[in-house]
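You will see two complexes here that share chain A, one where it goes with chain B and one where it goes with chain C.
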Partner chain A sequence: MANKKIINIPLGSQHISLLEPVKFKFACENEKITEVDSDVGFVHRGIEKACTTKFKFDAVPYVVARICGLCAITHSLCYTTAVENLLEGEVPLKAKYLRILLVELDRIHSHMLCLSHTAENAGFEAMFMQIMGDREYVMDLQEKITGNRIQFDYVSIGGVNRDITSEIIKDIKTNLKIIKAKVDEYIYEFTNNWSLSLKFQDIGTLSLDEAYDYNAIGPLARAAGLKTDVRSETNYLPYDEVGYKMQLGNTGDIHGRNIVRLNEILNSIQMCENIVDGLPDGEIFTKLKGKPNGESLVRLEAPRGELMYYIKGDGKPFLNRVRIKTPTFACIPAFMEVFKGSNYADAPAILASFDPCMSCTAK
Partner chain B sequence: MINKIKTTLERVVEDINNFYIKEKHHFLTLNGLKLDEETTQIQWIFSQYGEIDNITMFYVDVKQYEVIPSVVKILPSAIISQREIVDMFGIDVEGSDKGLYLDEDSEQMPLGSCGI
Partner chain C sequence: MFSSVKKAFKNLFSKPQTIDYPVSPIEKPAGHRGLIEYGEEHCIYCLKCEKACPPGAILFVPTDTPTQNPKNKKSQEYKYNPHLCIYCGECVRACPKPEEALWQSEKKPMIAIKEDRVNDSWFEIEKLKK
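For the complex of A and B:
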């Protein structure tokens, strides 16, 4: 019997399929990936350290918003909620609704970015450009509500920084209606287009058992049928009042992840519409008293999955610990498992379907 | 509300093994908390699928020279956070290499000291 020839092929640290610094080292037997190693530390910025040494607790929301351009709102909101749990006072209901609105708009454009990249990796450049163009409808809304397209400082301890006007509500309804029609078209294409089906169905599969074993989260887990979504496992935000529904798949492949994301976009649109239709009256901000004393752990569902902040304070302006667990970082072992047994040629498409964020990972 | 369970380096793997049911519990992460210059608290944090904020934390207070046992046989996904603890706190974790986050010429164990 001939000796097996193993070839080592890297993917990254800079690769055309993903313009973020991550390196996977594949050991391949012919085209088949047999072993995987990863390196994720190319852009480590020491933010956890900075949050306890350079910035007082009330400035940290604006620091952690810089961790990731795409999900800045989820980072600042997760930290802010952890601090609010340790202070005296209650965040106004209107502010909570506006927080959900921004988190869900963020999820819509983040999922659209991922879908465009997966289409690009199947050689469908036109779809990539189409989705990226349509994504601007959401970016415009974010700019109108917060002042910035991305990396906005909308949340602060005690509420949100800007109220919403009737003109903006009108724009939200108009743009979301357009996006909803576009998403219906995407679902048709992702389901029926021959080249997308060929490239995505039964490729890069994570089984339900593997999802449990590797503690998969977010769309990666839900596409495999694992019923987990932080929006249904926490009650900091009134998701039960705005029409949240968990979206599940059962195939665990790239196609399954795409469909879960598309259905989540539709559900997020529905939630945003419900929020602007039933927005409570009242204040958007309450000044909370005191300094954080004790420990607090808060989880939120970022677009890529569970985001966790653990903070510990002793009543002083500087916290003792800010621990940030980001979705991509937690999923690296699951990613590596999915690559094993796949063809090297499929690796870029599989990687894009994970929607990895190295900015979050190497915080 | 966090349900905190104190354990020891000798017992932590057994305690987690007895507690963890993969279809029920979700392993969140491994966390380090510097208590003083000599002591770090290592925390293994879990949530429960489908339950509202049901958080369980196993914790051990360790000295800098002590070696943390690996839980990778029970929780394969812990490999990545174990390597993070090694880099960030300079504490040895059984079977976990340095260099996930930090290069050799980086500041070493940046979270390994307390205070401002």
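For the complex of A and C:
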């Protein structure tokens, strides 16, 4: 053929293999994707505006928790930490440990959801159901600790709402032991099963340089070998005391991302066990007085990468500015780079391996 | 190969992972967050719960038939919208007499149906407040 014909194929905003409303426009040459254009914001809800006009600063944690169902705790915790910085109050150590416990349980179930979707996109429906079934062990724990499965509303300004009992600690230990055995099985399956390992190796590769240039964050960057994790960079939460270890990969393909996620689940389980074993005594809540006055910027590691909150207040009940930067939005340039050079048929599987969260992105 | 056959055989005789819902009820764990309940005789009408509620699901509106509670000097009436409530428990934490005047039960919220006019009747209550 003398002339190479370029065909434009859209993926999204509604697509049979896509769970979330994001649009990618691919320019394809035969099967290969050559150019990518993206569009987000199909589910914009105006939450940042609502936080500054409709809700007072102490009600905002409950509003931002509803941005996303999967990382509800990270959103409310990030906002709460930003307000606590402005009110200059000290949160009790026990509350900090309980916050880490919930964040890590949240990470476990979020990663399990992503892995199940990756398995589904490989055509491995049975694995999808199995992981989703095992995920219920974590959801049950979350419901026992906070009183709700998804929308925890566990963090309030000055601490946490509920204390943990010895029965719940027993349940946590039992369920985490079961999940740990299951995750070991998944690692075996994701490494040795043909559908999940060989099919995914060298697909959707992001190199270390590309990850650095396009500002990739979260498991996407760590699978490429980029050492970026907010948990090791900040000290709002005592991560160094609970046994945090950064999980790195070196391949940057879908298989590498799956393995990084699985290792992170194991590390999170380890952290949760350490927390319940060495939970300090004391209060879980201190009342902080005053109104936020000044600027505060807080970063926190959500399951998908760095979540950033910027708030600005002038001593009045309503804040002047609430700016939220979510991990998926920051990763879109890296996503576009990964698609270039891949086959169009691989696009849904690559997208699922990014674990995109569009309700976070278009808040 | 052997292990997968063993697993398949085991799964054939094990119980399903799902709950047989209409036949057996869904069990909620102890301390699960349910409806907010109100004890009028212990209320001191400080309106802290109304101020603390993030979605504004608790309102104290003026009424012509006030209760006999001596603390109710402005003749107000407690109104609660279970369909607007997010069950966060912020009102209970703000209440000076929790467990007596305001507490969080483990009861499930009722289903909103058209005949109940849940939205319209609540808008009328909100107008009274303004």
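By definition in this document, the second predicted complex is superposed on the first by the 361 of 363 C-alpha atoms of A that agree within 3 Å, B and C clash if a C-alpha of one lies under 4 Å from a C-alpha of the other, contacts with A are read in each partner's own complex, and residues count from 1 in each chain.
Just so we're on the same page, a residue touches a chain if its C-beta (ideal position, glycine included) is under 8 Å from a C-beta of that chain, and two chains touch if they have at least 3 such contacts.
Note that the structure is predicted; figures quoted are calculated from it, not measured.
Superposition of the two structures on chain A shows chain C fitting alongside chain B with no clash. Contacts of A:Asn320 after superposition on the shared chain: chain B is touched, whereas chain C is not. In the superposition on chain A, contact of A:Arg162 is made with chain C only, not with chain B.
Annotation for chain A, partner touching more residues between chain B and chain C: B. Of the two partner chains placed by superposition, A:Glu35 touches none, neither chain B nor chain C. With both structures placed on the common chain, the touch criterion links A:Glu241 to neither chain B nor chain C. In the superposition on chain A, no contact is made by A:Glu20 with either chain B or chain C. Minimum Cα separation between chain B and chain C in the superposed model: 17 Å. The contact sets of chain A with chain B and with chain C never meet. In the complex of the two chains, the chain C residues touching chain A come out as 17, 28-29, 31-33, 52, 54-55, 86-90, 93. By the touch rule above, chain A contacts chain C in their complex via residues 55, 58-59, 62-63, 133, 136, 140, 143-144, 147-148, 151, 153, 156, 161-162.
Those residues of chain A that touch chain B in the complex are listed here as 39-41, 44, 46, 48-49, 52-53, 212-215, 217, 226-228, 232-235, 295, 297, 299, 306, 308, 310, 312, 318, 320-321, 323, 325, 329-330, 332-334, 362.
By the touch rule above, chain B contacts chain A in their complex via residues 2, 22-23, 26-29, 31-34, 45, 47, 49-53, 55, 75-77, 79-81, 84, 87-88, 99-103, 106-107, 110-111, 114, 116.
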